[in-house]
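Naming follows writing order (A, B, C and D), and every chain is counted from residue 1.
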Amino acid sequence: MNLKMLSKQSLYTLVHDSDSTKGRLFALSIQLLIILSLISFSIETLPDLSALQRSYLHYIEIAVVILFSVEYLLRIYVAKNRLAYIFSFYGTIDLLAILPFYIASGLDLRTVRLFRLLRLLQIFKLFKYSKALQRFQRAFNLVKEEMFVFGVIAMIMLYLSAVGIYYFENAVQPELFQSIFHSLWWALTTLTTVGYGDMFPITVGGKIFTFFVLLVGLGIVAVPTGLIATALSQTRTEEDKKVEK
Amino acid sequence: MNLKMLSKQSLYTLVHDSDSTKGRLFALSIQLLIILSLISFSIETLPDLSALQRSYLHYIEIAVVILFSVEYLLRIYVAKNRLAYIFSFYGTIDLLAILPFYIASGLDLRTVRLFRLLRLLQIFKLFKYSKALQRFQRAFNLVKEEMFVFGVIAMIMLYLSAVGIYYFENAVQPELFQSIFHSLWWALTTLTTVGYGDMFPITVGGKIFTFFVLLVGLGIVAVPTGLIATALSQTRTEEDKKVEK
Amino acid sequence: MNLKMLSKQSLYTLVHDSDSTKGRLFALSIQLLIILSLISFSIETLPDLSALQRSYLHYIEIAVVILFSVEYLLRIYVAKNRLAYIFSFYGTIDLLAILPFYIASGLDLRTVRLFRLLRLLQIFKLFKYSKALQRFQRAFNLVKEEMFVFGVIAMIMLYLSAVGIYYFENAVQPELFQSIFHSLWWALTTLTTVGYGDMFPITVGGKIFTFFVLLVGLGIVAVPTGLIATALSQTRTEEDKKVEK
Amino acid sequence: MNLKMLSKQSLYTLVHDSDSTKGRLFALSIQLLIILSLISFSIETLPDLSALQRSYLHYIEIAVVILFSVEYLLRIYVAKNRLAYIFSFYGTIDLLAILPFYIASGLDLRTVRLFRLLRLLQIFKLFKYSKALQRFQRAFNLVKEEMFVFGVIAMIMLYLSAVGIYYFENAVQPELFQSIFHSLWWALTTLTTVGYGDMFPITVGGKIFTFFVLLVGLGIVAVPTGLIATALSQTRTEEDKKVEK
């Protein structure tokens, strides 16, 4: 049994067949490991870490790299076409996630590991949610054209808002509305209704202009969201009808 | 009549049958009492209360606890299976809501009473809105998978936004964007468009990054809302069709 | 012709028949007059008005009151049942809008004129949009139950958010999160994503709590909007189908 | 071939037939030129530009004007009715975009070039998205009446919110809530949930009033967005049905 587990066929199942029990366990373990490595990566950015804490993080780092390396070698070993895997998108990311540790470069390339987050998307496969994902893709296809049209109009809207507010506010608040580029930041945070409050018009003209910008702009920024939602519910309804038949 | 009212059967109707007139009155009284106790609980958190005001609140507290105790004993008395009630979820909450007062513990366990807010949901039963609630449940079931997918993607989005802004802003605003965890707070308030204004990017790179974060992120955070709305209207339409048939 | 115009029947048409040309003109004039009186009322709140400007505003005020008085007397004159009009809702408002001027009371009752804004809604009748309004009413009826359920849940959500943030932030920011009532203001501005930035959590616990509040709360606050929108489009579709038949 | 390219017929195809290859190239070049001229126009608003950078921008300006002039002359040359083009909307804009440079007026009329952004909308034609645009127009037609009704109600809502908050806050914050007009700015940023944080109520009455304003107002401002989204998905569905038949 132990021997069989180490056979290439068996290892292939382990790595690639997320329907089998051990395949699921393997995939889940890798995902937990990715999350662990990202948490440890995030903790390292905390200021005021003690030397002890830093050493703990270093040990976790070593453990993560060793396990990632084992996984990488395993994936090469079981691959039907090894070169194809090595030069594939995921193969490159898997390598880049561990390489920096070995070559001890001055550059901190661990950021590459963020791409390993893509492996997290495998979670949908584990939970057999591929159908929901397919539905998403179809919904996005349905509204693709509308999204493009809205995208272009939203960009023009952003630009015109920035130019307008620049003319109204530049004279009074030259520090904040320094240029059209600075005003673009205001246009972005206003039209998305984030409204940090770091920049806002104080002239009467600027305030009235903002009124019109919001009147037209809210719709332009918010409609695409509604479009996706209705498209998604539409694809679900159509699917249900097919199932009924 | 008065005697009959005190019979166990009659009391059972009082406590559990919210379709009868006295059952409705009983349920409404309990709900008003819960709201009253929460208002008095909230007032107590006000600073600068006079001694007189505090004593009034104490009297209300005593009255509330006595009435809650009577209700608790009544519920035990009329229960078909008394132990089952005592150890049920609601039974435990009902007890915990009054116990702290009697055992005069140092700990203020009155917060437990917040759970009694759940009894407020009974209001839907009183107004015969159980149908609307069932529709909600069905609608949530319909979009369960989509919500999960969006939930995971939103978490990844939040994390990536935090990492990105950390790299752009940490050097310039080390006090605010101290670590990835601190940046997560920025990502949360920005993607939900709350925008308190306690943290915002000031570098050109950070602002352009925010542009892309909002471009992608707004949809991810806002689409689920639209999904629930369309699912709800769908279940209502289907129900109406059944009624027509 | 001039004489005929002053006949009671003709005046009735003028005041009440917004389908006739002169009726439309009369209604539009009254609406313009209401808007004018509100603008003048708003201008009066401006500080630093010169004596000259104040006197101009006073003249406008006199003109408005005279015209409103003529309108009021006209409405009484043409009413089929005069007492019914005088004691009707609109009749009372029409009187209260002019009375303060005549009795020169110390109290400024001109705020009552805000109710005259209701007459502005007549504009929908002028543009024959009563159908759209009826559709609105039907749509609101469709989602009445859902709105009530969401309303109650939103209130509970608001309250629980306030209690939670009070426990997390009161110790660190006692000035801002003074009591549960003060925290309710934070809960309101956060759940509606207004986010003024006057109050926000600074403790780690408070920030994580805010994350969960927004996770659940955004949906609760935003879903009703989506419900009304889908209900409106549904009623429109149904109407179109009837028209086709 | 070279000669043929210069024939009037051939030039007409170049300028107006965006289905032909060279027509597409011409249209795209003009659009890129417009974007370039706008970027250079935006850069000029940056403070602290060096003399060298200013001279570069001046060279770009000259190049842009020359190319725009060539385009303008070309459009006149190929026009079937030359006067009709010159006095058409686009003809006027095309002229105004270059004229200021030649007549060297004191006034900076280059802002007129913003209108040339309208030419950018031609991009939808290039990508054969006219169908999506037509769908938009039909969707807007569908909800025209609802939008008007909501528009009027939203204006009344804004005004009433401003009046209300003025009464609550003017006494306590006379600097911020100076008049109803100043309060309108607060009403706008609050109802659209932008919430800059430059103005917010601090009295208990003002905060409770804000609660009710948001309760009613959020729906009024947000529903139109949902309306457009559902109307758009409806027109798409209807179109699909026609295609199926």
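Here is the rule we go by: a residue touches a chain if its C-beta (ideal position, glycine included) is under 8 Å from a C-beta of that chain, and two chains touch if they have at least 3 such contacts.
Small disclaimer: the values here were computed from a predicted structure and weren't measured.
Colleague: Over half shared numbers or under half: where do the identical copies subunit C and subunit D land at their interface, same or different?
Modeller: Since fewer than half of the residue numbers are used by both chains, the interface counts as different.
Colleague: Find the pair in B-D, A-C or A-D that has over half of its contact pairs, by residue number, in common with A-B.
Modeller: Equivalent chain pair to A-B in B-D, A-C or A-D: A-D.
Colleague: Cα superposition of subunit B onto subunit C: how big is the rotation, rounded to the nearest 5°?
Modeller: Rounded to 5 degrees, the superposing rotation is 90 degrees.
Colleague: Among all other chains, pick the one whose mean CA position is farthest from the mean CA position of subunit A.
Modeller: It is C whose centre lies farthest from that of subunit A.
Colleague: Between subunit C and subunit D, what distance separates the C-alpha centroids? Give it in angstrom.
Modeller: Here subunit C and subunit D have centroids separated by 30 Å.
Colleague: CA centre of subunit B versus CA centre of subunit D: separation in Å?
Modeller: Comparing mean C-alpha positions, subunit D is 43 Å from subunit B.
Colleague: Name the residues of subunit C that each touch 2 or more other chains.
Modeller: 181, 193-197, 222, 225-226, 229-230
Colleague: Which part of subunit A faces subunit B closely enough to touch in the complex?
Modeller: Interface residues on the subunit A side: 38, 41-43, 45-47, 111, 114, 117, 120-121, 123-124, 127, 129, 131-133, 135-136, 185, 188-189, 192-198, 221-222, 224-226, 228-230, 232-233, 236-237.
Colleague: Tell me, which parts of subunit C touch subunit B in their complex?
Modeller: Contact set of subunit C toward subunit B: 142, 145-146, 148-149, 152, 156, 159-160, 163, 166-167, 170, 174, 178-181, 190, 193-197, 200, 204, 207, 210-211, 214, 218-219, 222-223, 225-227, 229-231, 234.
Colleague: Spell out the residues on subunit B that touch subunit D in their complex, using ranges where they run on.
Modeller: 193, 195-197, 226, 229
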